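To keep things simple, chains are lettered A, B, C and D as they appear, and every chain counts its residues starting from 1.
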Amino acid sequence: MNASFTAEELQFQEDARQFLEAEFPKDIRAKVEQRVRLEKDDYVRWQKILYKKGWAAPNWPEEHGGTGWTAVQKYIFAEQMARFGAPEPVAFGMKMVAPVIYTYGNEEQKKRFLPDILASNVWWCQGYSEPNSGSDLASLKTSAVREGDHYIVNGTKTWNTLGQYADWIFCLVRTDNSVKKQEGISFLLIDMKTPGIKVSPIYLIDGTPEVNEVYFENVKVPVENLIGEENKGWTYAKVLLTHERTNIAGVPRSKVRLEKLRMLAAQTADGNGGTLSDDPIFKNKIAEAEIQVLALEYAELRALAAVSVGKAPGPESSILKVVGTEVAQFIDELYMEMAAWQSLPFVPDQFVEGFSGEEIGENGEAATALNYFNNRKASIYGGSNEIQKNIICKAVLGL
Amino acid sequence: MNASFTAEELQFQEDARQFLEAEFPKDIRAKVEQRVRLEKDDYVRWQKILYKKGWAAPNWPEEHGGTGWTAVQKYIFAEQMARFGAPEPVAFGMKMVAPVIYTYGNEEQKKRFLPDILASNVWWCQGYSEPNSGSDLASLKTSAVREGDHYIVNGTKTWNTLGQYADWIFCLVRTDNSVKKQEGISFLLIDMKTPGIKVSPIYLIDGTPEVNEVYFENVKVPVENLIGEENKGWTYAKVLLTHERTNIAGVPRSKVRLEKLRMLAAQTADGNGGTLSDDPIFKNKIAEAEIQVLALEYAELRALAAVSVGKAPGPESSILKVVGTEVAQFIDELYMEMAAWQSLPFVPDQFVEGFSGEEIGENGEAATALNYFNNRKASIYGGSNEIQKNIICKAVLGL
Amino acid sequence: MLQDSVQKFVHRHYSFDDRNAIIDSGSGYSEQCWQLFAELGWLTVPFREDDGGFGGLATDMMVLMEEFGKAMVVEPFVPTAVLGGGLIAALGSAQHKEQHLVPLMEGKLQLGAALYEASGRYNLASVGTTAKRDGDHYVVSGSKILVLNGEAAQQLLVSVRTQGAERDEHGISVVLIDAASAGVHKKAYTTVDGHRAAQISFTDVRVPVANCLGAEGEALSALRRVVDRATLCVSAEAVGALDMLLQKTVEYSKTRKQFGTAIGTFQALQHRMADMFIECQLARSIVVMAAMKLDSDLTEQEKARAVSAAKSRVGRAIRKVGQEAVQLHGGIGITNELDVGHLFKRVTGIETLFGNSDFHTARFASL
Amino acid sequence: MLQDSVQKFVHRHYSFDDRNAIIDSGSGYSEQCWQLFAELGWLTVPFREDDGGFGGLATDMMVLMEEFGKAMVVEPFVPTAVLGGGLIAALGSAQHKEQHLVPLMEGKLQLGAALYEASGRYNLASVGTTAKRDGDHYVVSGSKILVLNGEAAQQLLVSVRTQGAERDEHGISVVLIDAASAGVHKKAYTTVDGHRAAQISFTDVRVPVANCLGAEGEALSALRRVVDRATLCVSAEAVGALDMLLQKTVEYSKTRKQFGTAIGTFQALQHRMADMFIECQLARSIVVMAAMKLDSDLTEQEKARAVSAAKSRVGRAIRKVGQEAVQLHGGIGITNELDVGHLFKRVTGIETLFGNSDFHTARFASL
């Protein structure tokens, strides 16, 4: 951990930059810059390019296709990705189910699932939350009853992000009702094409069908799709939740967004003949956000440095989640404030591919309120910020 | 309740102004302006002038010497007092024990105590808190055991403000240990000259001996000093705590302090050739404080209006306490920020009467950090702001 | 009482589902409701008695708007009656009033006020749209953003520059333009909070000189006064909506169970709801303050200061209460299924209308 | 390790009672402790090896200061070794260094830096104190506020204007003035946080030209660099003190009972302590950032930006953590009896030193 990079690291930075410059598809980049919503094909196409380069899964163990990078290299790569607006892999396969499979799955499962995840042949989605189990995840009710060599699954999962695209879903299911709630949960992989599964969109307040409810009615799942031992699923899920925290703070993305904000502020009329860059209050807010991101960046580097000397990622990572989402939401607010009146029109069409009409607002101004609305989710999902504070109280402060 | 005053109210305002101009002693006014700490004599002298005018106790019932003013008149008077920096009466006699006496005391007690309070012949102090009963006041332990026609009092009271000047103390004492904690408490008046009482100063972080611990060792108190019924003291104390909330928000004082702050900011160099009035961030902070005080003022007027149509002062008054102290503390911060380096010298002597040396800082700059430190108490005492929020949750939100 | 009257109306005609259907309808508001507004006399509230109105008191508008806020009413009361009608009442001749205020109060006329431009942010004096005299006509050219009710408006009140340079305080006039005039181009849309608005451009639109309201070039101070009244209205609307957000959150916290107990029993969440309550009360108090001052005989400057104080403070309450309401609801709070998300969007929209908190704090400090 | 070394020292010599006795002593610091500082080599930490020091790394000073912060050490390390010694190291000739740095590191010399003036606020370029050439002497006149360690300092490093007008960036020099010189008038006092300082005026003080450090009139950039290092030091000190405030608060909350239970079990208070923890961690992280950047080969501008970011962010943490620590302690937190109140006062003092948060946020934004 150092304030300045080594020569090798600088070289790696340059390699990453050149790769992105050459290989990140220009049409996807243009979409990102114009805030056009990305489709499944965009994600998959880009992910396959990374796969070809061998950079699809920086955090996986090398034996399964990971890059073997140092923490600093991962950091540099994430920063370059953010700089080009290159989308990160959809987390559910690459970052969520894969670590569970390579850590707790059997050899058969590893062979069957990991290569397709690495190559982005299969789209995964998540089946954790249920309508009545928000932050209290372990109270989930979806049941899996063993019948011969199958489980029969019944129940409802919710907050299923991009499940409309998914080929497979990983689920926490209840396999024993007679024990403490955490002890009767199993981790099950389910093919979305299995009869009895229905996906129904939930519209968020920004008007997008980003999440879904997934209904299971007598869905037959082969026993070989069980990860690890029956009733041990909670342990696997929990380990997953404290691992894989790289870039959880979203520092590279926040940095790039702040740079862009500063640039746009210099082009935005303040109504008095100057630009928003002349507005001391707005300038001060940008500076405070930049300073917060700097603090967060070094909090993350300190956490990474601790991991790199062999310490397990501790409850400190809760800070990264809390502060990372708070600062991202603050940046959303600043974009909305900058757009002023132009944040009000609701014109989702102009952010969908193929729109050719007259646009409202410049530089995606009309998306700023929608982004603000949508991103309120950040402090709710992935273990709400309240849950993170509970973790800090219990695990760090001993309260 | 109206945004502008009636002709009669304007006349009253003018009367109050003229009275203060003519009668508020110039030497005390000068002390206040130079932030010299007031002594017992200053308080008493000024209070006796108000007494002579018949304005000593605006909130008392007229039969006992109150002024019979409307809520608006009280408001106007408080504002004029603040404008001249005239000290309010020390609360313990006039605002705290007197209402208990005239509401729950017997005729004998009313005759014995009220006239001397009204005329400021007797200085009272408060014996509520104990070292181990902060916000949980009812857990108090000081005991009063009946022996013949006396109680024998033993225990320790703390946070006793200006008790060093006091002739009498009113105490909550435990007279029954066998019942629920609230049900064994009595309200006792004790002459500070009684043998067995010891007053010992506690120094606050601003260096002043403003509060004391008061020790009671076998202190004999005549039974006729008991207010109301034995073991009913908690009821009396509680009623007292929700009544007498006039001016709890401290709006007039905060307004005057903000006006002065604005004036001083215009005289304070910003280090770049201008003054702090040119500093948009500081200006913005002052404006936010002014706006907050405006909101608070109308919250108070709304509460007064509700009282004036016969409603009991509700738990809304908790808001006045919370926001009033928060905004006062924010103003403390602004003064400290304005003073910059000059807030650092600790020179209490120059704020004591008779100081004739070379002063550090202008306009009381050297007192700003001390005021900030001292006034952190505001959100702690009088029912901490946390307790106020509990009240809101329970009594207003039904949580 | 106005309050009862709105509450009854809402109870009968304006459930959450009713509202969703209205927003999804072609016009984006309910003509049936609008006629009820007229029948119930609400459209007369913003106008003085000598203009045929109910009295024009800000305190009355406040009561009305607060109730509208609770039900998230989308009908164009503010654009038509407060802004459009307000400009006519403030600047227009007896004939203008006769011609427009009467049908307005009868529910037969929809108006829109086209006052803001892309490069002007919240500055009403930043008028680049020009009106050049040509005989007994003006020729108007320029472009306005976010004209509330711009789609339905039959007549547009447009701020134009008849003299001077952009941002000059003098030389600004308000002209009435028939929305059907040649050269008027509307781009209509729904706003993020379910209202309707339009971006409107004017290309060499010919407008009779008689359509200029008041003395040519001297409209700015009336413009500011009218917009201040509209600002008070949406602030009061926000107060109603914020109260509803608090109420919904408290109710939800009493029924939603996590870890085997209602989340309303968690003290950390309780204190946050207490903070929301405090914010709601301060917002309400400062709007009362502004409404009373608007109805008083204070100076124009003091009235403007009062409105800016209110809008600034309400904006902070919006940010805080809105975000907390959503956060405490959890996931369900950011879906379109529940009213909470819609209340959140509406108050967020109000935060921007007629200037956000930073704008109004600065205006307060400068006045 | 420096950290162990300070911890051992504190354990043996620097209890809360020891500290109180030191503050009440005549000199306001312990000469015995100061000699230990020298023996343990701490006084060499700020200096590069070629100046006879330990290395001069900001990261080392950070470790030292953090521990000082935990124990609220009042000995004049920053004024003598970081500011005074730093200016000599940055600007002085070999002879200046020989003459002053050697005794300094041996614990035999106390310094004070007189850099700020009443009308200059936090601006180091605002120098009204003049040095007029008179043969081989300067004649210095002017007045400086809050000279840390000003009372004990034998030599003063004084920023003077040898040319130009107040606030000109050029024309500022740093001269060494013997504190015993004729015309030096000190008004000494204790600061609110238990340190010693003085207001110092200079009336026609004659100073040999040889006492000018570096090229005449060109001292400002070195001055800023040295003050930035001192700023980093007090920021690190605050990080230590804030950690202590958090620790004390958490401990207290586990033992203090109210309503029959430890207050640390109240979730509303728990979450506030979690927030304090987050603030402490962010403060620590950004100070690490600034220290690392000071030790790197980044540009001067980037280093200055890093220090201002740190001081700004630490200032916010001070406000938040300090106030919360006192509030959660309740009444006992505002008495002089407990260390918590003293930690609160010290961090509040640091908040002002070398510019508060607003100053440094603005500086960060402008660089």
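Convention: a residue touches a chain if its C-beta (ideal position, glycine included) is under 8 Å from a C-beta of that chain, and two chains touch if they have at least 3 such contacts.
Note that this is a predicted model, so its numbers are computed, not measured.
Comparing the chain pairs A-D and A-C, the larger number of C-beta pairs in contact belongs to A-C.
Farthest chain from subunit B (centres taken as the mean of C-alpha atoms): A.
With each centre defined as the average position of its C-alpha atoms, the distance from subunit B to subunit C rounds to 43 Å. With centres defined as mean CA coordinates, subunit B is found 53 Å away from subunit A. For this pair, subunit A with subunit C, the centres built from the Cα atoms lie 38 Å apart. Multi-chain contact residues of subunit C (touching two or more other chains): 268, 270-271, 361-362.
The multi-chain contact residues of subunit A, meaning those touching 2 or more other chains, are 280-281, 284, 386, 389. Against subunit B, the residues of subunit D that register as touching in their complex are 116, 118-123, 126, 145-146, 166-167, 187, 189-193, 197, 199, 256-260, 268-269, 319, 323, 326-327, 330-331, 333-337, 341-342, 344-345, 348-349, 352-353, 356, 358, 361-362. If you check the complex, the residues on subunit B that touch subunit A are 280-281, 284. Note for the complex: subunit D touches subunit C at residues 266-268, 270-271.
Those residues of subunit A lying in contact with subunit C across their complex are 129, 132-136, 139, 158-159, 202-205, 207, 269-273, 281-282, 333, 336-337, 340-347, 358, 360, 369-370, 372-374, 376-377, 379-381, 384-386, 389. Taken together, the subunit D residues at the contact with subunit A in this complex read 250, 253-254, 264-265, 270-271, 273-275, 277-278, 281-286, 288-289, 292-293, 295-298, 306, 309, 312-313, 361-362, 364-365.
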